[in-house]
Structures are given as C-alpha cells and as structure tokens.
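Got some structures for you, see below.
Two complexes are shown next, each including chain A; its partner changes from chain B in the first to chain C in the second.
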Partner chain A sequence: MPTLTIDNQTITVPEGTNVLEAARQLGIEVPHFCHHEALGSVGACRLCAVEFLEGPVKGIQMSCMVLAKDDMVIDTGSDGVLAYRAQVIEWLMTNHPHDCPVCDEGGECQLQDMTVAGGHGVRRYTGPKRTYQNQDLGPFIAHEMNRCIQCYRCVRTYQEYCGGKDFGVMGTRQRLYFGRFSDGPLESPFSGNLVDVCPTGVLTDKTYRYKSRIWDLQEAPSICPHCSLGCAVIPGARYQELQRRRARTNRRTNGHFICDRGRFGYGYVNHPDRPRAPLLGHRRVTWQEALAALQNHLHEFCELYGSGSISMLSSSRASLETQFLTKRWANALGSGQLCFEAHPRRDQAARVAASQAPDCSASMEDIRSCDMAVLVGADPLAEAPMLALALRQAARRGARIVVVDPRPVELPIDCERHAAAPEELPRILQGLTRPQQNAFASASEEFGGALGRALLEAKNPVLIGGSDLLGPQGCQMLLKAAEACSPTGSTCRSMLLLAGPNSFGGAMLSDDGPGFDALLEGMEQGRIKSLVCIEADPVADYPDRKRCRAALARLDLLVVFDCAATATVQEADLFFPTTALEEAAGTLVNNEGRMQAFEKVFSAGTPLLQSAAGDHPPRFFSRDIPGSHPQPAWTTLARLLGRDAELEKVRRELEKIDPRFDGLAGLTADSEGCRVVAPRQAPALVAAPASGVTASDQLHLLVTEHLYGSELLSDLSPCLQAVKSDPYVWLHPQDVARLKLVEGKPVRLCTSLGEWTLELRINGDISPGVAVVPRLRGTVVETLVPGSEPMLCRIEKA
Partner chain B sequence: MATLLSEKQIAQLKRRVKETPHPREMVLDVLHAIQDANGWVSDEGVELAAIVLGLSSLQVEEIATFYDKIYRRPVGRKVIHVCDSICCWSRGSEAIMLRLQQLLAIAPGETTADGMFTLLPTCCLGACGEAPALRIGRTLYGGVEPEQLEAILDKERAEVES
Partner chain C sequence: MGLWKDIKGTFLPFWVTLRYLFRRPVTVCYPERKQPPAPRYRGRLVLTRDPDGEERCVACYLCSAACPVDCISMQAAEREDGRRYAAWFRINFSRCIFCGLCTEACPTLALQTTAEYELATRELLQVVCEKDELLIDGCGKNTEYNFYRLAGIGVVAPRGGNPGETPPEDIRTNMP
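Presenting the complex of A and B:
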C-alpha cells in the first residue's frame, strides 16, 4: 500500500494503482482521454502529464502509466505540466472541426472539457484539416470521423473489452480511420458502448440524434428492465418522451457498460399504442369510476363466492413495492390465490434461485474475476447479454470457460463447448454434485464429475445455469453442485439466469403460494371468478396460450394494470394504466438477490411529438398533461389498501415484516445495491415427468430466448425492430440430412400446440435430435414460450 | 475472388495458416502472396486473405493499411519508395524526391503514364546508415545523389523490359 503526496495531499492507495487513479481518489481530476477505468492505460493521448518532484520517478511523466509508489511527490499543475498539456491539446485539436454548436456531443463532450482544462482557447493553426468519408454503421451508431482525435478508446472497447471483430482502426499516423471494412451494421451486441466511451462526437447514439442537449434532459439513476441482471443505466427524457439510455457505473453488476438491448430497448415507454387511460370494457373512464367499479366488483365477489374467488397475478416486471402491496392487498381481501409469475416452471425456478444462500451467489463482478466458469443450459447473449461480457473479461485474464448446452451458444470469446442433449443436462449436473466420486453410471455423469474436479481445483470458480433450460429441478441440482464443488477455504459461487428483472423479488414474496397453474385450474373449475393482473401478461407468458385464453374467458372479471398494450390488456374488462419503470421510483431484485433502487426519471405523459404532432406549443388546451393518467401500480394498491402512497413507508413496512429485505429502506438509487440478507425456503418440487420416447422422425423442440424480439418491453422499442430476426428453426446437419431437408428453405414445424412454417437454419454446434426455435413476439411463432420442458415435434418440408 | 490466387496457392497458404499457432502471424505472408500475383491488394484481395486466415476483413485491413509496402490501390510495375524520415531528410532526401518528380513527370502518389513507376514517400527503410536511401521494387539504393537517379531509373526500366 504505497503512500504518496499529490498536490500537497497525502494518500495511501492499493498496490497497482496508477497515479491518475490515485489523484482521482483525492478528488483531483487529471485531464485525460485514452485512460478509462475499464479499459486501462495505454499512454497514447499524452494529456495526463504530471510532474514528479520526489521519489523513484522524476520529471514530467504520464500519470496513467506510472504506478503509485512510496515517497512520490507529485504536482499535477506545475507550470511545465500546464504548458505541456496546452501543447498536447493544441495538437489534438489541429484537425478537429469547429462544429461544437451543431455537434451531437454538445454538452457532454470530454474533448471540450479537456480543451478548456488544458488551457487551449485560441486556435493558431490555419492550415487545411484532414477530412473523411463517414460510414453507415447501422441503426444504432452515427459516424462522424472528422471529429476524431485518435484516442483509440473505441477500438479498445469494441475489440478488446467487447470482443467485436468488425470495427477497428485502419491506416497510420494522421490518416487513422476508425470504422468498418465497409459500410454495414456493427455486429457486436455491445456496440452502443462506443457512444459512451467516445470522448467526442465521432460515435453518437443515432436513435437520439437531433433530439436534445444533455442539459435539457431529465435524467436519474435507474435500472435496466430488459433481463434479470439489473444493469445500472441513466435514462434521459424530454418533452414526455424517453429519448435514450446510457450506461451507469455499478462495479458489482454491469461495471461501466451495457448491452444494446438495454441501451436501445427504451422505446416501449413512448409506444404510440400504449394505453394511457383507465378503461371499463372499451370505454374510457376516470380513475374514480374505474376504482369504484373495481372495488364494487371485488366486494360483490367476496360476498357472493367468498374471497377465494379473487385471484391475483403480478410479474417479474413489477417493482418489489408493487409486488409487496399486491400481496398485502390479497391478504387484506383474504385471498391466498396469488402468484408472481404466469409461467409455472419459471415461477418454480425463480423460487429455487431465491433459496440460494446470498453469500454463495455470484455477482457479475465475481464472474469478471473468476478463474473458471461452467455454464449449464445458459445462453448469456440471449438470456442476460451482459453476462457474456463479464465472461469475456474473465477469459481475458486466463479463466477457463466451459459451455454445456444443447443450443449453439455464441459468446464473444473462444471457449470449450460441449453440445449436450437436454436430457443429458440433469446427468451432467448429477456428476457435478459428486466431483469426488470414482465411478459414474454414465458418460454424462463422468463428464460432470470431471468438470466438478476442475471447479474444485480452481481458486474462484463459478457455476452458471439458465433457469429456462434447467427448470426448477435442474436449478436445485446446480445449487447443490456448486456447494459440492466448493474448494476448501473458498466457495464455488453460482448464478442462475431468471426470466425478468424482478423474478427474484417475486420468488421471495411467494412463500408456498400457488403457481399460476393452480389459479388456471380454479378458473376452469369456476371457483375463481376474477383475476387481477398487475403488470402481468399471462396470455403471452403462460406456455399454453389456448388453455390460458379459455380459462380467462370463463372469468367474470379480468382486471389488468399495465404500461404496455399486451395480449392480456386486449381481454381486460377493467384496465388501469401504470407508469413505465422510468416514470416512477421503486426497487428491483436482480438474479443474484441484489436489491437495487431506481429513481423516477420523468412524469408520464404522451410524448409531445405524438400529442402535438410535431407542433409546438400544442394547439389545444387542458388542465392535464395529455396521457398523464398512468399511475405507479403500487400507489394505486396503496390507495386500495386505504393508506398513504409513500415509497419510504412501503419499504420500511416490508423490511419490518420480512427481515430478509433488511437494508431496503436505506437504499439509494446511485448505490451499488445490497443483497437480500437470507434466502427463502427451498420450494418442494414435484419430479418432472420423464420425457417420452421419441419416434425416429421426432425431435425435441427447445424454445429459447433471443437477444432481440423475446423480451416484452424491448420488443416494443421501434429501433430494435431493425435487428429482429425472422422466425427460424435451427437443426443439426445430421438431422437435416436424415429428414432430407434443405437449408434456407421453409420447413413445417408440427407440435401439439400448433404448426408453423419457418426458415430452416443449420448449425453444427447444436445437439443432434434437438430443434431450436427462438421466441419472437409478434411473429407467427409468438405463442411458443421458452422455459417449458422440451416438447416433441416433427419437422417436414413445407 | 478465386482468380486472385490459384487454387493451389490458396490451399498451400491455408495449410501454413493451420500450422501456425496464431494465424495473425501470417497476415503479411498472405497479403504479399496476393500482391505478388496481382501487383496490388484489392478489396477482394483483403476479403480473400480474411477467408484464408480465418479473420474478419477488418482485422486484415487494419494490418494491410498499416504497412506502406502493401499497396491497397493499383500501382506501376515498380514502386519507388523515397525515405523522408529524419536521417534521410537531413542528408538531402528532399532533393531526391524533387529530382524524381522531374524525371518521371509525376507527383508523389502518382504513377507514370506508361505504368512503369509509382512514386511514394516512406517514413523509414531501415537504411539510416546509408542515408539518403530509396527503394525500387525490392532493390535498396543507399547514399544516393540526385545525379545518379537518371541512371538508376534507366537500369530499373531496362530490367523490366528485358
């Protein structure tokens, strides 16, 4: 722990800290471009010069390239240093255009800040500037090469950190060009990070172009709702429109970056079809009328059929506060018919995940620093994209990454792949739970055992599972395996990928409550007369859509609270509009059990662009902001419970009733969050039915998540439509040959749920005997939902 | 694309790439093979190299555009590289460049009308001890005086024509 003096202040920093970071810890910001905490130092921009007065190094040196050592005395602002920096910044600026007033980076330009900080105010260079042809980099990123100052941050982010291969640096000296070999969309699913790392206006968010300056944006610390990882983001809104999302730093979760689904999935908030007013049938009513109707109906049901006739369903999209008050409301009404996930198998899997001991679960930070990771049935890019990036960082440090999966799991790293059939996964997990055993019953178990031994020998091993493929039984085995593979003195941490941003919270609150299956049975038998869906979409999320629709049709009353025009909203007898995540404050519990608070970014209202059709100011007058009816679900629930809608009170109440949520009331949105204190009880699982014998022409159908098009909210974002795939089915070349099919040609997929015509794609990494179909909302296959047991199917020529 | 190299050459290069622990080590070899066969490396040449090496076109292009001895545009039958780096500059490379421009009637970066010579400045030929230096094709000329240039060009021209 070296101790050094910087600008007359003394500080002790950990070994390996460079002088730039040490200064930053003292609150001294040394001007710099190429250094970035996540990317490290390269000493390329020459701007972070400081003067070393005493100690092992003397004179003017780059602070990012010198490690802090004892007895160093440093002056970050000596005359020599200031003159040096002024010269460097003047060089960097020679070719830079004078387009600041119209530049897309205006207001958040690090180059501008550093130019001013560097003391370069007047341009002396009068010669011609080098100019470039820009490229079309696809729907997300705008390219303006003339502004480039060659800091290399983009290449280091794109290639080194994110593993992209199609964007880089060409040429030499003053002719450097940062771009692609030819025009075309950037291929990396993390391309949006270029916007955040580019210190000037070369690479900017195309979807946000010509919309706002940063100082006009309403921003607040928030959480990304598009998977279960809970990455930190900063959404920005203006004119009642959510205009962009950028990454926020949380060293325990996402680090500094986010994925493109998270960055560009924001458009759901502004969707023109978003229902914004309470509806009774199809008639617009006031909140008072709607609430009165709700209370009257429920009162009537209680009187006529008893409180058991009322059921409630929330979801992993709902905040912890909403879930908690839903539960309180169900309790108050006396109904135990409550669950937090429409997909029974996902529900059970989340309950298993929440039974994991908090000190054994892996954070993304643990994964970035692991030395071995085994993924069983987990497809990071599809189910939790930032996990792929975390694994890449581990691999870059030399970690061994093993992927065991029936699907062709793609990762931005070279890793060991083991194509295992779905029915092999439990046997492999079985082997993993007994790493010390000598003889195994099957080759799969033996393989699992060998992996287990490797995990035992590792220093910081991690075992990662996807709950969709593993199911509750598999998830439970994975947690057991992690326990068995813990080396003496340390822990094999485990991570389970879950269905949504608050699956964990719902599972914690579920206790031994029924699954949605039981609720459906009640509806079918006529015991349950009403269902209140609070930010839940059972029609789309229950694996058997026909059964779900038929059961809902038997209800006397279907009430839906939601912020999106879901399939269930279409069926609702009574509808209440709720706020989107960015329009209210709340808490989400991510897949490792980390409670993370988010703040309200802006107030709900129809974007001016829509309500005024481009006119400004709008040409009609009213007391209310158009489209401002959505209310946070939890405030409505608080009203129904007859209490104050105060977030603090709700959090304190939850903390008091359930000490596992200790720390919730003290959470701030800009913190790293905190883990739930204790696990829930492991649920009692019913053994899964053994999958039937397959006939020679039958395959196991796996419906899986896809990076784009599977998750409800991001799929409503217009800018992600451009990258959404058409429906397809993946088969192994062996099966394609056996079934005499032709790649690229349409084929017919026949299952017990229906038949569809899809494009055939061939992949050699897939397990033979398996057909993989991605979940794509709004396409012919939208009724196919991931997370179910593999179903039998046939595939024939269309 | 296949006409840039023969099937046999491609197979040979692929075999060598396979034997190399890091395919990137072979980027220049593959690019030079394409350049030797075609005089320069076209976009299609970069794409072919990428296929042979198992890299992305961008990864090949990053290297192809870094080195000034890989020609990404058509050049004459012989390329003249005149060093303008510090040692050669201090020993008179500017005069050499000027004289060559007069003799060839072209500016740096251009090719003579007969397609014989392309004139390029280069930042170092690794011949600082023999400054000022220039390179024509693969022949290095050190300690060059402007008066010698006409004879050098004649010799180089005669070599091609014979």
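Presenting the complex of A and C:
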C-alpha cells in the first residue's frame, strides 16, 4: 500500500494503482485521452504528464504509465507540465479539422475541452491536413475519421473489451486508420460503446445524428428496461423526444458499458402509435371520466359478484412502487386474484430466483471477477447481453467458461460448449447437486458431477442459469447445485436470468398468490368478471395466445394501463395511458435482487418532431403540452386508493410493511443500489412433466429469446428494425439430412399451437433432435413465446 | 458663498434654455425623416448565405446557447449531400435584447445583425420570426467566408479537396 503526495495532499492507494488513478481518488483530474478505467493505460496520447519532484521517478512522466510508489511527490500542474500539455494539444490539433459546429461530439468532446484548457487557439503549423475517406459502419455508428487523434480507445474497447473482430486499426505513423477492412455494419452487439469511449467525434451515434447538443438535453440517472440485469444508463431527451441513451457507471452491475439493445432500444418512448389519452371503448375521454367509469364498474362488480370477481395483473415492466400499490389496491378491494407475470412458468421461475439467499446471488461484478462460470440453459447475448461482456472479462483473466445448452450459444469468447439435449439439462443439474458422488446413473449426470467437482476446486465459481430453458424446477435445482458446489471458504454464487427488469420485485411481492393460469381458469369458469392489466400484456406474453384471447373475450371488463400499443391494449374496454420508464421516477429490482432507483428524465408529451411534422413548433399558444396525458401508473393507483401520490411516502410504506426491502427509502438514483435484505420463501412447485417420447419425425421445439425483436419495448424502437432478423428455424445438419430438407429454403413448422412457414438455417453447435425458433415480435412466429412447457414439433418441406 | 451658488443654480437653466431657442434642433421628425444608424448598430438579426448561395447556418446551437434571454431555438438536420442545416430556426424578437452575443458565437458568420430597428408591432406573433423570414439572399458583412471550404470534412468539395488538405490516405498501403 504505497503512500504518496499529489499536489500537497497525501494518499495511500492499493499496490498496482497508477498515479493517474491515485490523483483521481483525491479528486484531482489529470487530463487524458487514452486512459480509461475499464481499458487500462497505454500511454498513447501523452497528455497525462505530471511532474515527479521526489521519489523513485523524477521529472515529467506519463501519470497513467507510472505505478504509485512510496515517497513520491507529484505536482500535476507545474509550469513545465502545463507547457508540455499545451504542446501535445497543439500537435494533436495540427491535423484535426475545423468542423466543431457540425460535429455531434461538440459540447461533450474531450479534445474540445482540452484544447480550450491548454490555451490553443491559433494553428501555427501551416502544412496541409491529412484526410481520410469515411466508412459506412451500419445503422448505429457514424464515422468521421478526419477527427481522429489516435488514442486507440475504440480498438481497445471493440476488440479487447467487447471481443469484436471486424473493427481495427490499419496504417502506420500519423496515417493510422480506425475502421473496418471494408464498409459494412459493425458485427458486435456492443458497438454502441464506441460512441461513449471516443474522446472526440470520430465515432458518434447515428440515431442521434444532429438532433441536439448535450447542454440542451434533459438527462437523469436511469436504468435500462430491456432485460433483467438493470444496467445503469443516462437517457437524454429534448422537445418531448427521447433522443439517446448512454452508459452510466455502476461498478456492481454493468461497469462502464451497455449493449446495443439497451442503447438503441429507446425509441418505444417516441413511438408514433403510442396511445396517449384515456380511452373508454375506443372513444377518447378525460382522466376524470375514465377514473369514474373504472370506479363505478369495479364497485358494481363487488356488489354483484363479490370482490373475487376482480383480478389484477402487473408485469415485470412495472416499477416496484407500481407493483406494490397494485397489491395494496387489490387488498383494498378485497381481491386476492393478483399476479405479477402473465407467463406462468416465468412467474414461478422468478419466485424461485427470489427465494435465493441474497449473499449467494452473483452480481455482474462477481461474474467479471470469477475464475469459473458454468452456464446452464442460458444464452447471454439473447437474454441478457451485458452478461456476455461480463463473462468475457472473466475469460480474459483466465476464467474457465463452460456453456451447457441445446442451443448454439454464441459468446464473444472461446469457451467450452456442450450441446445437451433439453431433457438432459435436469440430469446434468442433478449431477451438479452431487459433486462428491462417485457413481452416477447416466452419462449426463456424470458430466454434471464432473462440472460440480471443477466448481468445487475453483476459488470464485459462478453458476448461471436461464429461467426460460430450465423452468422453475430447473432453476430450483440450479440453486441447490450452487449450494452443493460451494468450495470451502467461499460460495459458488448463482445468477438466474429472468424475463424482465422487475421480475424479481414482482416475485418478492407475490407471496403465495395465484399464477396467471389460475386467473385464466377463473375467467373461463366465469368467476372472474374483470381484469386490470397494469403495464402487462397477457395476450402477447401468455404462451397459449388463443386460450388467453378466448378467456379475455369472456370478461365483462378489461382495463389496461400501459405506455405502448400492445396486443392487449387493442382489446381493452378501458385504457389509461401510463408514462414510459424515462418519464417517471421509480425503482426496479434486477435479477440479483438489487434495488435500483431511477429518476424522471422528462415530462411525457408528443415529440415536437411528430406534433409539428418536422417543422417549427406551432404558432399558437396553449396551456398544456400536446400528448401529456400519460401518468405514472403508481400515481393513478395512489389516487384510486385515495392517498397522496408521493414517491417517498410509497417507498417508506413499502419498507415499513415489508422489511425485506430495507434501504429502499434511502436509495438515490446515482448510487450503486442495494440488495433486498432477505429472500422470499421458496414456492411449492409441482414436478416437471416428463417430456414425451420423440417419434422419429418429431423434434423438440425450443422457442428462445433473440437479441433484437424479442423484448417488447426495444422491438418498438425504429432504429433496431434495421438489425432485426427474419423468422427462421435452426436445425442440426443430421436432422436436416434425415428430414431431407435444404438449407435456406422455406420449411413448414407444425406444432400443437399452429403451423408456420420459416426459413431453414443449419447450425452444427445445436443439439440434434432440437428445432430452435427465435421469438420475433411482429412476424409470423410472434405467437410463439419462450419459456413455455416443452413442446414437440414436426418440420416438413414447404 | 452658498447664496451665490443658489442664485447661479436658479438662473443658469433659464440661460441654457434661452441659448437653445436660437439653435437648430437635433431631433428629427421620425418617421417622416430617418436617422441613419451607426455602421455597427445591432438591430434585427438575419441569416446570411455563403458566396456560393447556400445557407451558411449549420444549426450548431451555439447562438441559442449564447443567448442570455433564450430567444433562439432551432432543429438541426442533415441534407442528402451531408450538409448540416437548420430544419427550422426561430428567433423571438419580443424577447431579444439585441446584445449581439449570438452573432459573436456564430462560427459560420451566418447570423448577423442589421441596421433595421423598426420592429414595433401590436401583434406579438409578428415578431416571432421563422427561418424563411430571417434568411436573406446575400452574404451580409462578409462576402468571402464559406465554412464548409475550411471545415476539413468535405461536403462542398470532395474529401481532401479543399485548400490546405492532402488527398485522402490510402488505408490499404503501408508505404510512406
């Protein structure tokens, strides 16, 4: 632990800390371009020079390249240092174009800041400037190579941190070129991070091109709602339009980066079809009329049929406050017909995940620092993309990554892949729960046992499971396996990938409540007369769409609160517009049980781009903003409960009633969040039905999540439509040969739920006897939902 | 001493008034006669064009950032040839204090002050000017400056084809 003095302040830092980081800990920001906390130091930009007055090193040195040592005395702002930095800036500017007014980085450009800080105003060098041709890097990233200052941050991020292979550096000397070998979209699903790391305007956000300057943006710390990991983001809005999202730093979850689904999935907030006014039938009404109608109807149902005729459904998209007030409202009405997830198996899986002891669950930070990770039935890039990046960081430090999955799981690392058939997964988990055992009943169990022994020998092992493939029973076995595989003196942490950003919160609040299956049964039997969906879309999320639609059609009243034009909204008798995540404050609980608060970024309203059709704002005066009717669901619920709509009060009440959420009231949005204190009790699960014997022409159908197109909100984002895939089915070459099919040709997929014609793709990494179909909303296969009961299918020539 | 000062103070103003009775008045009969303003007078703002006749404004938002009374608003957009321009540009002259900070901030010399000062109206919306009312067919005070010729990113000339630039580097060769 060296102790050193920087600018007359003394600090003790851990061994291996460089001087730049040590200064930062004292609150002294040494100017730099190429150093980045997540990427490390390379000493390429020469800007972080400081003067070493005493100690083992003397003179002007790069602070990022010198490790802190005892007795160092450092001046970060001596005359010599300032002159040196001014010189470096002047060199960097000899080739930089004079185009700040048309550069999107302007206002948040490190080079701009440093040029002003270094005092460089007039270019003394009179030689010509070097130029480059730009490349088309796809729909997300705009390229302007003339602005480059050769800091190498982009290449280090793209290749080293994110594992992309199609973007690199070419050329020599001052003719370095950062780009692809030829034009084309960047292949990495983490390419958006180039925008954040580039210290100048070479790589900028194409979806945000020329929209705003940072000083005009409304920004606030927020959470990404597109998967269950809860990455920290900063959305930016202007003129009632959410214009971009950038990564925020949370060392416990995402670190410094986010995935492209999170970065470019913001468009749902501005969607032109978003319903923005309360609807009674299909007639626009005022809030007062709609609320009065709701209260009258529910009162009537209570009188006529009893409070059991009213049911409520929330979802993993709803904030913890909304879920809590939904529960309070159901209690106030006397109805126990309440659940927090329309997909029964996902609901059960979330309840299992929430029954895990908080100190045994793995955070993303734990995964980045693990030395062995076993993924069972988890496809990180599709289900929780940032997990893939965390696993890559672990692998870069030498961790062993084992993927056990029937699907062709792609990761940005070389890892051990084991293609296991779906029915093998429980047996492998069974083996994992008994790592000490010598004899096993089957080869799969033995494989599981061997993995378990490897986990026992590791120092910080992590076991990761996907709830869609494992189902609730599998999730429970995985938690047991993690317990059994804990090495002495440490724990094998586990992580379960859940369906949505607040699945965990819903599972905590749902206690022993019924699942949506029970609610549907009630509707079919006529016991339940009304359903209130709060930010839930049962039509799209329930695995059997026909059954769900039929049951909803029997209802006397379907009330929907939502911020998107979902399939359920089309059927609603009474609709209330709610705010999107960025338009209100709240809390989400991610899949490790971390409560994270988010702030309101901007007020809901129709984007000016839509209300003025791209032209100037309308030339008349009005009192309110057009389209500003959406209200946070929890404020409406608070009004229905007859209390103040104050977030603080709701949080304090939840904390008081349910001590497991201790610390909620004190949460701030820019903190790292805190875990729930205690687990819920484990749900009682019925044994998994034995999968049917496969006839020779039948295959196991696996419907899985896809990086783009599966998640409701990000699928509504226009900028992600360009990268959305056409529907396809994946088969093993053996099955293709057996069924005499041809790759690339359309085939017919026949299941008990219906028949579809899809493109056939072949993949050798898939388990034989399995057909994998990604869920793609808005396509022919949108009725197929991942995570449903195991299903059999036939595949024929179309 | 005090008495003498009081007497002087009483009569001096009368003397001044009397003196000016026999001089030509400095006031003019506005609006029949108009006084020419000073050459650098800061009156109504205009958007000018570059010597090639294209809009100079690139909607960089610097004028709206510099404006102390927030009377300028705009939205940038991209033309097909890559030129950044203002999709709409609005100056609310009912708020404008004619300080000229926007013209000092303007990096492309697009926004310039003129000598026009007759802006009074009873209709408030008449002084909320949109781009078509602000854009003039001329270069204004500078007849030579064309931002895109000096910006170094192409648009008006092929990349690397503007003065003071080398042709684009060939990235497929490592030869010096």
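In this section, the second predicted complex is superposed on the first by the 793 of 798 C-alpha atoms of A that agree within 3 Å, B and C clash if a C-alpha of one lies under 4 Å from a C-alpha of the other, contacts with A are read in each partner's own complex, and residues count from 1 in each chain.
Criterion: a residue touches a chain if its C-beta (ideal position, glycine included) is under 8 Å from a C-beta of that chain, and two chains touch if they have at least 3 such contacts.
Not measured: the values here are computed from a predicted model.
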{"item": "Which of chain B and chain C A:71 touches, first, second, both or neither", "value": "neither"}
{"item": "Touching partner for A:170 - first (chain B), second (chain C), both, neither", "value": "both"}
{"item": "Partner chain(s) touched by A:648 [first = chain B, second = chain C, both, neither]", "value": "neither"}
{"item": "Of chain C and chain B, partner touching more chain A residues", "value": "C"}
{"item": "First (chain B), second (chain C), both or neither touched by A:131", "value": "second"}
{"item": "Partner chain(s) touched by A:213 [first = chain B, second = chain C, both, neither]", "value": "second"}
{"item": "First, second, both or neither for A:97, with chain B first and chain C second", "value": "second"}
{"item": "Chain B versus chain C as contact partner of A:615, first or second or both or neither", "value": "second"}
{"item": "Those residues of chain A which chain B touches in one complex and chain C touches in the other", "value": "170-173, 177"}
{"item": "Touching residues on chain A, where the partner in the complex is chain B", "value": "165-173, 177, 180-182"}
{"item": "Touching residues (chain side chain A, partner chain C) in the complex", "value": "97-102, 106, 128-134, 144, 146, 170-173, 175, 177, 179, 209-213, 215-216, 239, 608, 612, 614-617, 619"}
{"item": "Contact set on chain C toward chain A in their complex", "value": "58-62, 64-65, 73, 75-78, 84, 87-90, 107-108, 125, 128, 130-131, 147, 150-153, 159-160, 164-169, 171-172, 174, 176"}
{"item": "Chain A-touching residues of chain B, taken from the complex the two chains share", "value": "43, 46, 55-59, 61-62, 65-66, 68, 123"}
